[in-house]
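Below is one structure; the comments refer to it alone.
Order of writing sets the labels: A, B, C and D. Residues in every chain begin at 1.
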Amino acid sequence: MDILTVRTVTKRFGGLTAVSDVNLDVRDREIHGIIGPNGAGKTTLFNVISGAYAPTSGTVTFNGRTINGKKPHEIAQLGLVRTFQRNAMFPTYSVLENVLLARHLQAKQGLFKAVFASDRKQRAKNLERALEILEFMELIDQKDTLASSMAHGHQRILGIANALAVEPKLIMLDEPVAGMNPTETALVTDHIRRLRDDWGITVVLVEHDMRTVMGTCDRITVLSLGEKLMEGLPGEVASDPRVIEAYLGSDEWDL
Amino acid sequence: MDIATLIQTISNSIVAGSVYAIIAVGLAMAFGVMKMANFAHGEFFMAGAYVVYVFYALFGWPFPAAVLMAIPIVGAMGVATERLIFLPTRGNVLAGFMATAGLAFILQVLVGQTWGVGLMRSVPTPYMGAADILGANIGWQRLLIIPTAFAMLGLLWFFLYHVKAGKALRACAQDPETARLQGIKINRMTMLAMAISGASAGLAGALMAPIHPVTPYMGHGVILTAFIVVILGGMESIAGAVLAAVLLGFIHTFVTTVSDAIVAQMVGVAFMAIVLVVRPQGLLGRVKA
Amino acid sequence: MNWKEPLLAVVLLVAAGVAPFTASTYSVEVLILFLINLILVSSYRILTTTGDWSLSHVVMMGTGAYATALLSKWWDLPIFLTVPLAAVVAAVVGLIVVTPLLRTKGFGFFIASFALGELIRLSWIKFRDPFGGARGMIGIPSGEMWEIDFFEPIPYYFFVLVVAVASLLFMYRLDHSRIGKTFKAIYTDEGLAESLGIDVQRFRAMAFVTGAFFAGIAGSLLAHRLGAIDPKNFDVNTMVYLIIWIVVGGTSTFWGPLIGLTVMTIVFEWARPLLEWRPLLFGGILIFFLIFQPGGLEGVFAQVRDRLAARRRGKADRTSAGNQES
Amino acid sequence: MLSLKDIWIHYGMVAAVKDVSIDVAEGEIVTLIGANGAGKTTTLRAISGLHAPTRGDIVFRGKSISGMTPEQINALGIAMVPEGRRVFPYMTVMENLEMGAYLRTDRTQTRKTLEEIFHHFPVLRERNRQLAGTLSGGQQQMLAIGRALMSEPDLLLLDEPSLGLAPIMIQEIAKIISQLHALGRTIVLVEQNARLALRLAQHGYVMETGQIVLHGVAEELRHNEQVQKTYLGA
């Protein structure tokens, strides 16, 4: 079953077409990679899906509901949560406070109830769940560390933990291993796999780095210059000459 | 409204628009180059009026000479403000803006304590008499403002579009980092922008001195109008500021004629609020990609 | 979790209870104004926690003041009704004002709020009936409760004290509630908060309206005390003073604005002999803080505390190191 | 001519460039290649003065330039074409070029340079009165290169000149770069299009997570397996 479908989505900025007529099908409980060299339109597509941009044309369906035109917070509430390339955490809070805050932000209640009710029960529940998430993401040992003073790789994982606090069905990760060394990369990709394997969360991974995508994803969609180049299994993608050319450039230059 | 009143109102509108344009162009320039938002811009206007008061009314210099003095003096105040306030708060528009609110207090007190607080300084009108245009009576003192505004805006336009330093100023406004890569010294440009900004506010104040009550608090009324103009025009756009100034000059004058000055202010503010909501980038503003 | 804050609160409350009996009438009046300003400055902090610095906050206060004047003059309502009703009126006006403002951010918000505030203030000048035009409204009753006349400073002082304590308590709870945390999350990273499912606009509006509500209370209390109000009471000059208090104190903790107001009230009273030179002093202080101490006094306190803690820790480390050696 | 000696660059606490050393000889093209976020652009920005290295030294013509402002470095003869072109959008093509020659005072010489640039990029002459923001991506790239050349720099820094351009445009830009080399220009080229960059350059440095993992003669790197691996993980 497809949890996320993108149909003929086009996004123009003024005269520039950043994404042109793109289709995408993400199956439930898969890790789907969207790759392509710089300027391929990955980030634009990402922003269209998460609601930051409205598409110029085309539709986006998540879990059976049309979500194009909805606001980012509405999409998040429906269970499609994105992370950011950087700063996907509140830097001046501790790790535990980060996840607790992300959970607090979920509560839907009025001003007066928030101020007057003591809601110990809810607090206890939130704390329990936050600790569970940290345990799962292997951040529990650092729960009192200030987010801004954590190692780069762990900050990225905290960003994912914050997203988990929203109880998403699908997480979209924006270049989760950008600028990381191999050890950090392995740590993050390991966590990404566990999201799907242990908690059954669908993952959409937007990445520049092919290596990460190859080892982590079930299926891959390749974009180049705003258009979909191909879609397939990692092995198919890696050996496709069009993809190699998109990444390394053609070898046939007439200088 | 009969023809005479209409002509009177139109000419008053142009005069008002000219003054607003001189004031607002300076504000827009400072904001454009390095996001310097000057709350004390109204006090610079006031300072220009006091320069004329001192040199013309007290020292007895010829009126045009006194007006010209306002340009370097208030221009220097602009440079000092850049060095002392905007440079240390660079990168934080609000902090610079609030700090210049403090500067406004300081200037009001200094001027008030030197030349008196409550007293309204009257600057005698140097050019008496009025032009008679189709039955409408328009004082020469007011009419004088129109060519001065044209000359000043023309000069500024020539500077920005035909002089290297002016072009560099525009380059800084569009992309400061890339401007630096061309060897353009950004710190000189911010000083230059504030010099022009101060000088234009000072010039406007100097021209208005004979027809506007000169008090330490005369900047108050000006700052709101100036910000309305700049926001209407699109914050950083100088052409936008001029267009909006003329527009607001007409709105204010016509509404004042048919109703009163307070309603005119209200209409101006409401107009700006609508523009902000419908077109946040202003009339000629650009959406930054 | 923290015993220091409640203890401090008790000490302050006792001091506040004793203060009027040891002070001159003039000082009591100053204390009344101080308490009113305490509500005002604290209510302003609510908006700033979302990052929306407004220039119309004293106009919201003025809205409460004008509402009070009208309510007590037209319908002769008692003070225990005028104060909450005025707050509601200010909140409603706040909601109307903030709706277009939400389209703007940062500096744009600041300037646009200035303009919309002026629009309201100008309407008080324009509509002589009912607002009394530029000369404002006079003859606002000081109010009474249980046959105690609030024209007397000490009874009114205690009335204001009760209202102020209740208001501050509410705002303190709000600050520490999940809503207060949401405000700060929006300020820290709007995009992240949005991605976690937060309706950013709704919470920004909520902060503005709540702030307006308490500013309305402050305005109402002020109107009853002064007996006469005019549009000049709520102009941008007053607004700059509010900004000075909050910049001097800092906004990152609940206590910052309170510290700022307290210090600046003392400076204000102390500088009374300077007469007209006072604004110069205040302008200078504002510039000084924005440039050299942007975190405000609360930042200074935090630095001192951290340094002391570090020194204490340093000592402890040295002792333990010494123990290990021996 | 230019050498980076063990430089480190930090963004806050994160080290974006670690212990990088690069040497550029007069008249050659040196390319820095590597995946996104490898630290190529940061390294280039350090040379141009937009980012001060936290450790190490950058020496240009025997003089240390680390810690200088971009203005000072430009005056020494280093010009940069920033990533994403960054033309002044509301200035005409001509004005953009003039800004490139901002520090030059010799009018006739400048005029000559301008003619040379128009010779390289005829389209800029045709459109010299058009606002730069209205040019196509490829034309903007040409303008950005032209603007940098206006200062007659001894060293030209190019950041991702092929980014977001259609293949035919990339070919065009590549031709121009090789022409500039033929005319004796010294160039540091940052590119994600590795094959192209290694065809153009004489020496190449491969960056990965802020470090140089490989360097050598471009022709050899072109056939190196590790280069392929850096990009494709194959």
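The rule is simple: a residue touches a chain if its C-beta (ideal position, glycine included) is under 8 Å from a C-beta of that chain, and two chains touch if they have at least 3 such contacts.
Nothing here was measured: the structure is a model prediction, and the numbers come from that model.
For chain B, the chain with the farthest CA centroid is A. If you average the CA atoms of chain A and of chain C, the two centres end up 41 Å from each other.
Computed centre separation for the pair chain A/chain D is 32 angstrom, with centres defined by C-alpha atoms.
Separation between the centroids of chain A and chain B, computed from CA atoms only, is 49 Å. Mean C-alpha positions place chain B and chain D at a centre distance of 43 Å. Taken pairwise by the contact criterion, the protein chains form one closed cycle in which every chain touches exactly two others. Pairs of chains that satisfy the touch definition comprise A-C, A-D, B-C, B-D.
Chain C makes touch with chain B in their complex at residues 53, 100, 103-104, 106-108, 110-112, 114-116, 118-119, 122-123, 125-126, 236, 240, 243-244, 247, 276-277, 279-280, 282-287, 290-291, 294. The part of chain D that touches chain A in the complex is made up of residues 13-14, 16, 35-39, 137, 160, 162-164, 166-167, 170-171, 174-175, 178, 192-197, 199-200, 209-210, 228-229, 231-234. Note for the complex: chain B touches chain C at residues 35, 37, 85, 88-89, 92-99, 101-106, 108-110, 112-113, 117, 220, 224, 227-228, 231, 260, 262-263, 265-266, 269-270, 272-273, 276-277, 280. On chain A, the positions that touch chain C within their shared complex are 50, 71-74, 76-77, 81-84, 87-92, 101-102, 104-107, 109, 111, 114-116, 162-163, 165-166.
Within the complex, the chain C residues that touch chain A are 170, 173-174, 177-179, 181-182, 185, 188-189, 191-200, 206, 210.
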